[in-house]
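Here is the structure we will look at.
Labels A, B and C are assigned to the chains in the order they are written; within every chain, residues are numbered from 1.
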Amino acid sequence: METLSIKTHSRTEMIDITPMVADAVKAQGIEEGVCILYNPHTTAAITINEGADPSVQSDIRKALSGLIPPHDHPQIHYEHTEGNADSHIKSSLIGTSQLVIISNSQLVLGTWQSIFFCEFDGPRTRKVHLKILRG
Amino acid sequence: METLSIKTHSRTEMIDITPMVADAVKAQGIEEGVCILYNPHTTAAITINEGADPSVQSDIRKALSGLIPPHDHPQIHYEHTEGNADSHIKSSLIGTSQLVIISNSQLVLGTWQSIFFCEFDGPRTRKVHLKILRG
Amino acid sequence: METLSIKTHSRTEMIDITPMVADAVKAQGIEEGVCILYNPHTTAAITINEGADPSVQSDIRKALSGLIPPHDHPQIHYEHTEGNADSHIKSSLIGTSQLVIISNSQLVLGTWQSIFFCEFDGPRTRKVHLKILRG
């Protein structure tokens, strides 16, 4: 297992970590297998979506914040008193981990796919664990 | 790794791919392990849910379209200009991959579970990558 | 593969199964690998989120029930006639499986992370399959 470090810059943000992940996979020298990416935080997530047009990331972030409004929204009442109940809920909706198949030492991503770390309660310094299973 | 080909017929659709997956697993002859199903598209997803009553699929599709309205909905504004921002958002909510345990060369699914390819921007010809890890 | 048994007590509930999972991992004596947790039910799910403050679980359950109202809600019409269409939809939103990295025979969870079985149509007796891949 190795751990990537990610610096986020705002409360909600999607950061393309594909190059970091691809470099780590190449460095481990495993030709065939599955790369597991695990987010150890409860107010963040990992997703795979379009990386070419940044408006897709913006639409995802806005849609999530529309469905799960922030703590200070006038029509919402969360029990959790730390001001980040929305961030926890988004984390469970998007998911804690992702996996990508490795073939010929490369990530098998679709043409338009990038891997995103999803910050829902930043800015912070975050971690993503990376583990490769051979096979 | 092998790749399944799936033909979809409408803009949103859930297609039961369980028989294709079960056949591929049997053909590979691996008795114990985990089957990974990976969708390389950014406007589609894979889920596991009830296969017996088609109304469940219909309710899932309608609920998603209620939460994430299409591009031409009067009260919505998406930044992404390709008319499929909703499809990208649904993809991240449902998820890019699924895994199923294999025991005795069979998928270990629950009594009512089927594996569905979720089309959110069809009709198209789509792919699903299938990879088995032994163990 | 082994199977954990979980007793739920109400229609929607999040049950912290981290101690059961940690014990099962320790008992199998595998030092390095990945633990796969698989829910074979179509009206339940598994998620990983904050375990310290129970209000987070309550906020997640309430937010989901706000987005996906129950069958008897006056403004909703589901086609599925068994009264649990909402439970099926929530299952696909949260997800059927989760994975956790194992290092030194321990689950590599973040400081605040616990593993939760999510009941969306209880009370029932439920199962979670646990499978460890070495590596």
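Here are a few things to note about the model shown:
Quick note on the criterion: contacts are C-beta pairs under 8 Å (C-beta built on N, C-alpha and C of every residue); 3 or more make two chains touch, one makes a residue touch a chain.
These numbers come from a predicted model, not from an experiment.
When the CA atoms of subunit A are superposed on subunit B, the rotation angle comes to 120 degrees (nearest 5).
Taken over every residue number at the interface, the positions common to subunit B and subunit C amount to under half, indicating a different-residue contact. Centre-to-centre separation of subunit B and subunit C, using mean CA positions: 20 Å.
Among the residues of subunit B, those in touch with two or more other chains are 67, 93, 95, 99, 133, 135. The residues of subunit C lying in touch with subunit A in their complex are 32-34, 47-50, 53, 55-56, 58-60, 63-64, 67, 93-95, 98-101, 103, 108-113, 133, 135.
By the touch criterion given at the top, residues 1, 36, 38-42, 67-68, 78-82, 85, 88-89, 91-93, 95-97, 99, 129, 131-135 of subunit C touch subunit B in their complex.
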